[in-house]
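Below: the structure, in structure tokens.
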Amino acid sequence: MMIPLSIHTILNIGSFGLLVIGLAIIFTKRNLITMVIGLNVADVGANILLVNAGFVKDGTAPIFTTAVGSAQAMSDPVPQALVLTSIVIGFGITALALALIVKLYRRRTTLDVSKIRGLKW
Amino acid sequence: MSEKLTQRKAWDIVLDKLTKRSLWMLHYCTGCGAIELPPTMTSRYDMERFGISAMVTPRQADILLITGYLSVKTLQRVILTYEQMQAPKYVIGFGSCTINGGMYWNSYATIKSLDQYLPVELYIAGCMPRPEAIISSFTELIDRIGRGEANSWQDYYDNYDFYKKNQEHVFGEINTYVDIKDDKVKFGI
Amino acid sequence: MSTVLWIIFYPIIAFAIGVILLGYGRKFNARVQRRYGPPIQQVFYDILKLMSKRTNISHGWMHDTALVMLLGGTLLTLYFIPVPGFDFFSGYGDFLVVMYILLIPSLGMALGVGETANPNGSIGISRALQMLAGYDIPFALTFIGMAILAGTTNFSEIIALQQAEGIFGWGLMTNPFLGVAALIALHGMMGEKPFEVMVAPHEIATGPMTEMGGKYLGMMMIQHALNVVIELTIYINLFLGGAANWASYLVKLFVLMTLILSVNALFGRFRVDDAVRFMWKVPLVLAVIGVLIIIL
Amino acid sequence: MVNPIMLILIPLLTVFLINLVNIKWPKFSAGLSFLAIALTTGMAFTLLPEVMQAPIEVVIAGTKAPIGINLLIGPLGLMLSLIILVTSLLVSMYSFSYISDERKGMYSGLFLLLIVGSLGMVMTGDIFNLFVFFEILCISSYILVAYQRNEHSLEASIKYLLLGSIGSLFLLISIAILYRGLGTLNIADIAARVGELPPSTRIAAAAFFTIGIGVEAAIFPLNSWLPDAHSSAPSSISAMLSGFVIEVALVVLIKIVFSLFAFAALFWLLAVVGVVSLLIGEFAAYRQENIKRMLAYSSIGQVGLILFALSLGTEAATRAAFLQIINHAAAKSALFLVSGYMIIRTGSYQIADYRGIARRMPVSGFVFFLAVLSLVGVPPLFGFFSKFSIVMAAVSSGSTGATVLTGLVLLGTVVEAAYFIRVLQHFYQREPAKAVTAARSERGAGAESSIEAPIAAMLPVLAFALFLTGGVLLLGSITGLADAAVQDLFARLVSVLA
Amino acid sequence: MLTEPVALMLLLSVAGVVLNIILYRLQSLQMIVSFLVFAAMLALNLQLYGTIGETLVLPVVVFGQAMSFAVSPLAFYFTLMITSITLLTVIFSLESLRGKACTQAYYLWLFLKTFGMLGVVFAADLLTFFLLWELMTWGTFFLMQQTGGESFSPAKKYVVYAVSSSMLLFLGIALIHAWTGSFSFREVAAAFPHMPEGMMLLVVLLMTVGFAVESAMFPLHAWLPESYASTFTSLTSYLSGISTRMGIYGLILLLFGFVGHELADRFQLIGVINLRYIVSIFGALTIIIPTFTALFQHDAKRLVTWHGIGQGGYMILGIFSANALGIAGGIFHIFNYMTYVTLILFSIAAVEYRTGTSNLNKLGGLIKRQPVAFLGLLFGIIGLAGIPPMNGFVSKWFIYKALITEGYPFLAISAIIGTLGTILSVYKLIHNIFLGQLQPEYNEIKEVPFLMQLPIWVLMLAVFATGVFPGPILSLIAEIQSSFGLAPVPYTMTGVDPAAGTLDMLVITTVFIGGLLLAWIVFLLGHKRRHVSQYQNYAAGHFLDESIPYNFNYNFYTGFEHIFNPMKKKVIARTEVAVSSLVEAAGDYLRRIYTGNLATYAMYIMAALVVTSLFLKELI
């Protein structure tokens, strides 16, 4: 039996998959850079989830041109705007994280989080 | 001595008659003679009949019984003890050693005659005297007190310089914290 | 008028009785040891001799005051304990008061002995005070038990209650546990053997009396004579039905004294902690049983 | 009339200005940021009477809610803004002398960004804006934590960053879920229509939201970054982070929970977690030898107390929680600020090295003393009244569970008193520690001379202390404001779902 | 309104705090100002008697409760004690602390503490009461550590105890407020019987335990001895004289003000064993155990502070005896205790002022050098031991009598055991300080200056006068009893009404004086006596001099040590250690949650997410 896969469903499944993968990386890996990558992956998942919230079946780009009829046929533009912001934020955080990791690596010469335990208790 | 005897007031005479029945003894056991005291106290001779009982501190005692020879060191203690006693107080020399040194006559470390250093009321002769002799001396003392004649202790106050000189001759200066001359004035002895 | 006469002469009478009791004690002891013993008035001679000593030493004003406090406190106690014909003050202070004024002489003596600066004295006081804690706890408990039993803390009322029922109304009969407990405690209170460790001439040179001579010791002996009467009278008043007249009073005094002397003559000396342990084991437990019987 | 948006705009624009100024005249950046904050604070105060009448809604970009982005500033928002602004004003004054290196410009900029983030969070009426301001707040604080660039601060910053990012991620997921279900971002709008969501969606959104913002609000067990970050940041930043950042996140969390996820179970969960958090914080602080770590753990405890009070869900308890927020902001800021100069003078973080320091830093010692007593809740200091009202409110709520939890809270207070008193006594010991004897100030030499912090740093600290002592006199008006804030909050609460 | 004595007294104490802050560096001015202010307060306090029954409501409204104060007879009784003892302390400190280091804050905290106590006593509502109670306990804390150094650790212990007790009170007050809806004493008292039984019991328990800590009731007394003994001795007297008794004040208020006897007896457990009886048993233990602990102390101050705990037991026994005599005795004992313990500690302070130590093993024979201090101590210990004719006896007699009348023989015997233990230890105290041999190093010391003697003389007079004429104080106590609706004590000027018991202190004292005179005559009958040197002493013929220590004071009660040493299990100290190590261990284990490992932290977040979701899913 064939399950009809719409793009919406695929994106949904994909976003959840990315989220799970990303979180799994964060929770299982010990390497800082890997964890940042995991964070990015999960971030992408969340972004897709968000942008997918504005999905309209067979919708058009939310641009008012003469060719288009009603606004109902357009994809919701708000999530797209949000995702843009979110991507920027994600980028910023990643950049900051990597910068910090570099600094830390210079001092500790390790990226293993279970060994970076200068502060505890 | 007889002068003082006549000076007794009536009250003193009564008092002497009564208090002679109570004599408390501090026995200074320096020699072998001390062994004669237990029989004197216990049921065979029972000196408590006469109101005489043994005491342990000089403050409470009336009789200082020196039972034997006195070395120079023990003499210091005896003098200290004597001076701590309350007048009227009586020294009884017990045995030959206190009279003339006895068998220790030749010793370099003992004194020969106790009455050079303390006013002795009675000597009990013998080496050593039996309990009968001790009892006898006690009754003699009681009689003397009753008659008002047992005044040897006043001699120590009167002729303190003599005793002091002899004492210092033997062992130099000692400090008993007692000022006999001042006591004589203070207590009117 | 007779009140005034009593007040003046009562201490003297009590003193005479005390002296006789003490002399009797010495005689009794001598006879037990198969000696002839001193005359019965010997204690009087002793006191007279001590009071007439020509020189007296004192270690300071507290030493002097202590003797006054000792004797004064004892006289105070004496007045508050009713005896036949003399019951003027028991209405102003019950036996709770007596229990505490009994401590004044002890405190006075302790202070004076302390000032004599003799360690033997201090050790004696230390032992005496420990003994005090030893015997006074069972004794106080019997006091309390009797008070709850009688419903009053007033001596005269307790005596009256006991006498109302004859010999079976005596405290000793109505509650023998308390009576026996108090008797043992009384023994300790009198300081007779085996509870005479505070004096202990052979080890601490008569303890509190070490530096006491002349009239100081004399006053202590006067106080001792009075104290014997006081302690025995308290017991008589609480447990032997008081006394209706002087004859029965004197008989009771001598019987009780004999009882105590006979124990005294037979025993050596307890160490202080053993004595206290004994006091807290035997009489205290007896007293607790007695009190439990009363309240349950 | 001041437009509330200016409260956010002025600091934000100043950040850009500072970056420009910093190129040429780095010296002025600190002053500039101080002026900006002072201006903003003044404006916030002028808003006060108006806001007390009715909440101000600011429409941005000409579109009205629910479609447009809006700021909604009610008494609750204004009260928090005032806490934020006053605290940061004093801290920025302290920073004049405390931050003495050449990176002043960067510090001032980030400092302002931190304020912008916090202000935005409390004022926004839009859930995605909330996320954006939240991120501004987070990023600026990550950097500020790493400001000292040593091993510890970098490590703390990385941990904070990664955990904070997971939190942001969850927040984003929650927003996505909400948006999918309702198609709107306006909080008021969501609140009105939240019943349309299927329960499981609502639960998922609630869980993700609570955990997401809970990381920043330092709810147990999401607060594992806090002791590290607060103890490794510069003391002025620790003061800010402890003083208002956690509380802002906490209040926002409670606000959203009140409006969107008013499940009775969630309230209970938060109350229990609050008390657990309190106990863990206090007990852990009891064993700390590092002064800043101890203060950080104490913050965990205090936040637990605030959370407990907030999640009791009665008006009295919430008012009490607001009082406690104010008390904690003043007292904990003062403590961090004072300890900042103690660390500089002695060069040590160990409490053992501060023995007898109060005799050489008398004012600091005295302020520490007052702040500690206020945190413990000693009359007549402000802390007594806030703690008193929390306990009264908790017990008055009448449930046995709340009473038992109150008992645990009081147990926590005992532990708190014990460790704070130990530190205080250490400060006042007669024989100074070696580090104290060796300490020298920039002014004078000599073992006996005062090594007190400079006046510019002491003035704000004294202001906090003055508030803690004199705040009682203002209690009436503060309670009035808090009451209005409570009304504001409870107006959002439609009904608690059993 | 502000001219009322209550308001003026509170204002003055606050003014004292402020003035002392202003004059922080000017010690001599501080002294004078403090003295003047306290003198003014005492004067005001005497006027207060006319205003009994009036209330003062401050315009300060906190949590819907205006802070209100009222002058009840009990409040008057306590303030009288507070102001008089504070004034005496100040007079004593004028000299004893002159020129000492670190006393700038001394008067400051003294004022704060006095303010707290006055406020607590005057308070007419629970909010005011608790607020000032807290202030008072913190005042105590600061007073305790005036000497610095060694006093810190015991003071910290006190804080832990005091904060715990405050928290219990706090919870109790919060519960009362939640159930009665009011803070005001009157309304609370009216509404109290209508609370549910269980809640009432909980509140009573919480508050009793809370007050028990502050009144140092066994087994919650362990904070007291060290902390009181390690501060200045003048403060030790102040603290143990009145500060500890605020706990008793609280208990009186709770028992008579809120609960009432009938209600207290309602909490029956088994037969006669009700709440009142249980508290009394703890009171009895409070008497016995600390008193016998005092016996083995080597420091004069510590010894007295242990007695401070023990004497509290008498008050508890009296107050909880449910007998007019007993209650009066308990309340009277507070006053008596204050007078004689202050006297004792002032005397010790006088010795310490000259010798610099209060170690009982190092002193001796000071009677020859400091006779006034000796007399003070003598009067004090006679009072403390409860021997006639001093005042301690009167109150104790009331308590014994009440216990016997009510049929509690074992409580009564424990009171008597306590008295015996007291006699033993106070004798050790006076013996080791003043009697025995004078140490050569103290040969040259002199009596203390007049300003330090003055309080000693005043207190000696008080101890003796209230012993012989307890009537004036008893009349006040009868008023207190009536104000709580209890039967007033049947008192006369010199004792009790013959219908209720047999006690007439005047007769006892007169007979005693007569006995003393008689004894004095007997003493004079003998020949003269001579005061001799302490070195002329029986030592079995040994020559004594300064180089030979000839004194017995170390291990004074050896026999008892043999008996008690096996019993010393140090349960309380060990419990304290156990609790503190438990807290430490809890702290250590709990902070291991923060492992420092980022991966673990991330797991926490995931776990929290899962738990929250599941929890919400299950419970919605």
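Lettered A, B, C, D and E in written order, each chain numbered from 1.
Keep in mind that, in the parts below, contacts are C-beta pairs under 8 Å (C-beta built on N, C-alpha and C of every residue); 3 or more make two chains touch, one makes a residue touch a chain.
In this text the structure is predicted, and so the values were computed from the model without any measurement.
S.K.: In this assembly, which chains make contact with subunit A and also with subunit B?
M.R.: Both subunit A and subunit B are touched by E, going by the contact rule given at the top.
S.K.: In terms of C-beta pairs in contact, which of B-E and C-E ranks higher?
M.R.: The comparison resolves to C-E.
S.K.: Taking all protein C-alpha atoms shown, work out their mean, then name the chain whose own C-alpha mean is nearest to it.
M.R.: Central chain: E.
S.K.: Specify the chain most distant from subunit B by Cα centroid.
M.R.: That would be chain A.
S.K.: Need the CA-centroid distance for the pair subunit A / subunit E, whole Å please.
M.R.: 69
S.K.: Cα centroid separation between subunit C and subunit D, in whole Å?
M.R.: 78
S.K.: Once you find the CA centre of subunit A and the CA centre of subunit D, what distance in Å lies between them?
M.R.: 29
S.K.: Roughly how far is subunit B from subunit C, centre to centre by C-alpha average, rounded to an integer in Å?
M.R.: One centre to the other, that is 36 Å.
S.K.: Which residues does subunit C have that touch at least 2 chains other than itself?
M.R.: Correct list: 52-57, 205, 210-211, 214.
S.K.: Mark out which residues of subunit B touch at least two other chains, giving numbers and ranges.
M.R.: Touching at least two other chains: 57-59, 183, 187.
S.K.: Can you tell me which residues of subunit D touch two or more of the remaining chains?
M.R.: Residue numbers touching two or more other chains: 158-159, 162, 166, 227-228, 284.
S.K.: Can you name every chain pair that touches?
M.R.: Result of the pairwise touch check is A-D, A-E, B-C, B-E, C-E, D-E.
S.K.: Under the definition above, what is the set of subunit E residues touching subunit A in their complex?
M.R.: 591-592, 594-599, 602-603, 606
S.K.: Would you pull the subunit B residues touching subunit E in the complex into a rising list?
M.R.: Contacts found on subunit B: 57-59, 76-78, 80-81, 84, 174-178, 183, 186-187.
S.K.: Can you check the complex and tell me which residues of subunit E touch subunit D?
M.R.: Residues 61-63, 130-132, 134-135, 138, 141, 145, 148-149, 152-153, 155-156, 159-160, 163-164, 167-168, 170-171, 174-175, 177-178, 583-584, 586-588, 590-591, 593-594, 596, 598, 600-602, 604-605, 607-609, 612-613, 615-620.
S.K.: Can you list the subunit A residues touching subunit D in their complex?
M.R.: 19, 23, 26, 32, 35-36, 39, 42-43, 46-47, 49-50, 52-54, 76, 78-79, 82, 85-86, 89, 92-93, 96-97, 100-101, 103-104, 107-108, 116, 118-119, 121
S.K.: In the complex of these two chains, what residues of subunit E are touching subunit B?
M.R.: Touch list, subunit E to subunit B: 527-528, 530, 532-533, 535-536, 538, 541-545.
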